[in-house]
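Chain IDs A, B, C, D, E, F, G, H, I and J follow the sequence of writing; residue 1 opens each chain.
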């Protein structure tokens, strides 16, 4: 009865989202953690809203993530149909592409659906 | 006075359960944790219900676990006579056989019986 | 003023206790944790009761600990004069002798006496 | 729309702050953790106050940080325009320069702004 | 304005304190943790009381710390002028000298003074 | 789209359940509270399980509720199709009819369904 | 600088929303509490999303609120521009008009905006 | 199957217990609350131990409860067969008879048995 | 040694602060609670900063408090010398004068100073 | 065996303590709560230290309690032999005599002794 077509599995991955901006980092060798407690998107199959908290932790290199633009980037998921797993993996990829950190981890803790609670964790480490 | 016959020790291990379904994973190198806070089964010796919370954490390879079918799989334990230890080990085996993950851990935290509280933890890691 | 005679220091170590029973383990490579929140024994010096919570975690080999017999084993400490340290070390030895696990850890968290709160941790790992 | 000029990015880094004082350490090989739950500074872009808790942990060598002077040092940020990241990195540098510890870590957990909560962690380890 | 004379920095280190007593350990290879939630001493500079919780964890060899004598040892700090750092380092030294453990760690978590909360951690490991 | 037929609205109200037993109360003018943390029944519309915690508080008159028979009474809801509201109201009526208390309150706190969490509270007070 | 025009102050009050449905209540004299932990709407002035938890408690008369239709009613606020105060007061009015309860209270606890956290509480009691 | 004979229902009510002592109260119009977190007795039917926390709150008149004798009084329940309800009601009666307070309340919160958690509350108020 | 001159006792009471703005209330008979977790002002005697959380709860009549202007009003205390008691009483008076509510309560919970933690509660109710 | 002589029962009641100072209250009709988390005194019978937290709540009339002098007043109990009940009743009397409030309540929550935890509550209300 559940049928995940290719369309569902890739929903939201190619959607156009606002740019994440950066500012010039003044130090090295430290880490930044950002908690976004009020993330929401839409399930591409049922059309029902998903809710969760995202936690991004990264070690900046030359650039730091600019928080206000990141907030607008996140707000753009509000009416986007996209699975949990893809939210975390796409967002991590977008952060890595823009901020070019030494390393980064993104954790998405989503509220229960059908009584099941999901947490997705993606990681990136720059090759030496 | 307690007598665990072979029948009790293997109860529920061969019961027919609904299929766990999957969908095609779009990314690699990340992990998924699913918490099932309302698991219940039946003690094969006393016939009394057992209650607990299950936590599955796995690193997907080509397939992701489809949550709705997993929920139906879990509901099928409701009236099944099976020990705690076997719940965790059988369910882990079923997930590994169906989803073929890189690695997987299943933790079952059961509510007290006779004042004793049990937690069972099973793990799987694909051979390289 | 405190005087721990040899009698006190070894009190309860040789007392006869009910047998811990076992049942045939059906799986390998997993762990079992059992919390006993309501342990009580008696201080061999003052005769006053001691209270605490015990947590046993072990990796079973061919045998699993049978919970009901373990509960009766634990109840037998109720009027036994024995120090905290000896409770944990003797109980761990009894479990290892009977269940023959791959490894086992026993933690005893005792409620305050004279304002001081003690936790005793014993560990066993089978020699390879 | 957000525009982090060089002026913003370096704001507060060169401000004159009270000296951190020290006293002669009497032991070696131990660590000291200090929690400052009521840090406040000012955002150099918006002029709005930032709030947070700072946790400094260090292994002293010949000198210990004198707490009263450290408190006055911290109070001096109250009306200083400086970004989170720079608070943590500058303060860590000032502590290291003055106290010359074997190692030191400074964590700044800031309260939410625009719904996003930031934690910055800087570390120092003396070269052997 | 703060001036830590040598007298302050070494205050309480040579004070005479009650003996810590021991009893013959009956087992090996386990650990004992003791929490003392109500420690109090006096600041040698201001004369104001300090409060805190101490946690001692050690792996006993031939001797176990006798709790009642340890309590009297601790009570003797009540009107002693001594800095936090010296409380933890001296007490650890006294325990090691008397109990001769395989290893020992002592953590002092002190309540805030001037809004700053200090935790001091000392460690000992017997040379092999 | 939701359609609550009379059949659904009254489902489970007339089902035969085990008798609640009593024992002769030895005192007067006091109250008894019983928490049942692991209640489960079935939704009569969807067939999916419901979970919750029940709290009964009553002031006994001549009779006290016998706990073991009450537990069996509660277990009988496990596979019964019945709405939350009816669970609480029927159970309260059954307790009042059997135990004949001076007063009684029954609270059912059910786990979320569709993200909504329901609590039902029924009360009885004997007419003077 | 803030300017609440009449348009803002009444935004969302006349928007068309899905019908709340009901089912025939089988008992009297009890109360029902429903927690909706994931409410979200839009600020009519800034266009930014608001988040909060709603708690409805009511004493039903002839009708009970049907949960599934209530969920769809709530989902309809997702992209509606409406102030906190108006969310609570309008929703309470809609519930009262449809369910015709003996009494009802609706509490909206909203997440911080600009560091300020608002809770709005509306109440209704039928005139006798 | 459960059968509460008169013997069970009255078990422990007439047992001889140590005297509760008193000391002369120096003030009036205030209240004293005493929490006994480690109460234990025995179930008169099963012989299994019961555990719980007791909270006594009273307004003293001419006498205050002497704590050390109260502790010995409580220890005497350790091997006494007596139901929860009777523990609370008898102990309250013994306190009232000895201390003759203006008012007194005794709450017994017992740990779960068979998954059910009981709290018994008895109250006394002197007639004016 | 402490000497509270009239100047200290009235410090900050007459300082000019930004206007609190309002918007036209659309409903009646409900209440609004606003938590301000990051209040800070200055002690008029020591010049040291005070920190605290404020909670305003009021029942609006014709006007609602506009949150953004209230935030600016609160920010203006940052460098104002004023005692705790006066913060709460003056702010309540300013809110009542501007918003003209049916009733209002303001609670200020301040962080410890010298180890003592103060909470000030002021209330207003319109005369009928 | 416990013997509370008149000397013990009245110990500390007549001891000379530092004066509590006041400052002129600027408002009326509000309340002030002060928490003193680190109170300590000495048991007049055993000579062992007692620890606890005190909470004073009062409605000031013409005078407010000056915090610094109150702190010195409290410090003077450190080496004073006095029972819990007398600490609370004497301190309340001293506050009432000095501050002359409309009403006052003092709660002393003391840490466990012999496993029993005591809370003493005294109240004062000015006669109209």
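The rule is simple: a contact is a pair of C-beta atoms (placed from the backbone, for glycine too) under 8 Å apart; a residue touches a chain by one contact, two chains touch by 3 or more.
Just so we're clear, the structure is a prediction, and the values are computed from it rather than from any experiment.
Asks: Moving step by step between touching chains, how few steps can get you from subunit G to subunit J?
Replies: Steps on the shortest route: 2.
Asks: Determine how many degrees of rotation, between 0 and 180 and to the nearest 5, align the Cα atoms of subunit F with the equivalent atoms in subunit H.
Replies: Roughly 70 degrees of rotation.
Asks: Using mean C-alpha positions as chain centres, tell me how far subunit B is from subunit J in Å, no decimals.
Replies: 57
Asks: In whole angstrom, how far does the Cα centroid of subunit D sit from the Cα centroid of subunit E?
Replies: 29
Asks: Using the touch rule from the top of the page, what residues of subunit E touch 2 or more other chains?
Replies: 37-38, 111-113, 115
Asks: Classify the inter-chain contact topology: is it line, ring, star, complete, or other?
Replies: If you draw each chain as a dot and join those that touch, the picture is no line, ring, star or complete graph.
Asks: Could you please write down every pair of chains that are in touch?
Replies: A-B, A-D, A-F, A-G, B-C, B-F, B-H, C-E, C-H, C-J, D-E, D-G, D-I, E-I, E-J, F-G, F-H, G-I, H-J, I-J
Asks: Could you list, by residue number, the parts of subunit G that touch subunit A in their complex?
Replies: Per the stated touch rule, the residues are 37-38, 40, 48-49, 51, 75, 78-79, 111.
Asks: Quick one: which bits of subunit C touch subunit E in the complex? Just the residue numbers, please.
Replies: 1-2, 4, 6, 8-10, 13, 85-86, 88-89, 112-123
Asks: In the complex of these two chains, what residues of subunit J are touching subunit I?
Replies: Touching subunit I: residues 21, 23-27, 29-38, 64, 66-71 of subunit J.
Asks: Quick one: in the complex, what on subunit H touches subunit B?
Replies: Touch list, subunit H to subunit B: 111-113, 115.
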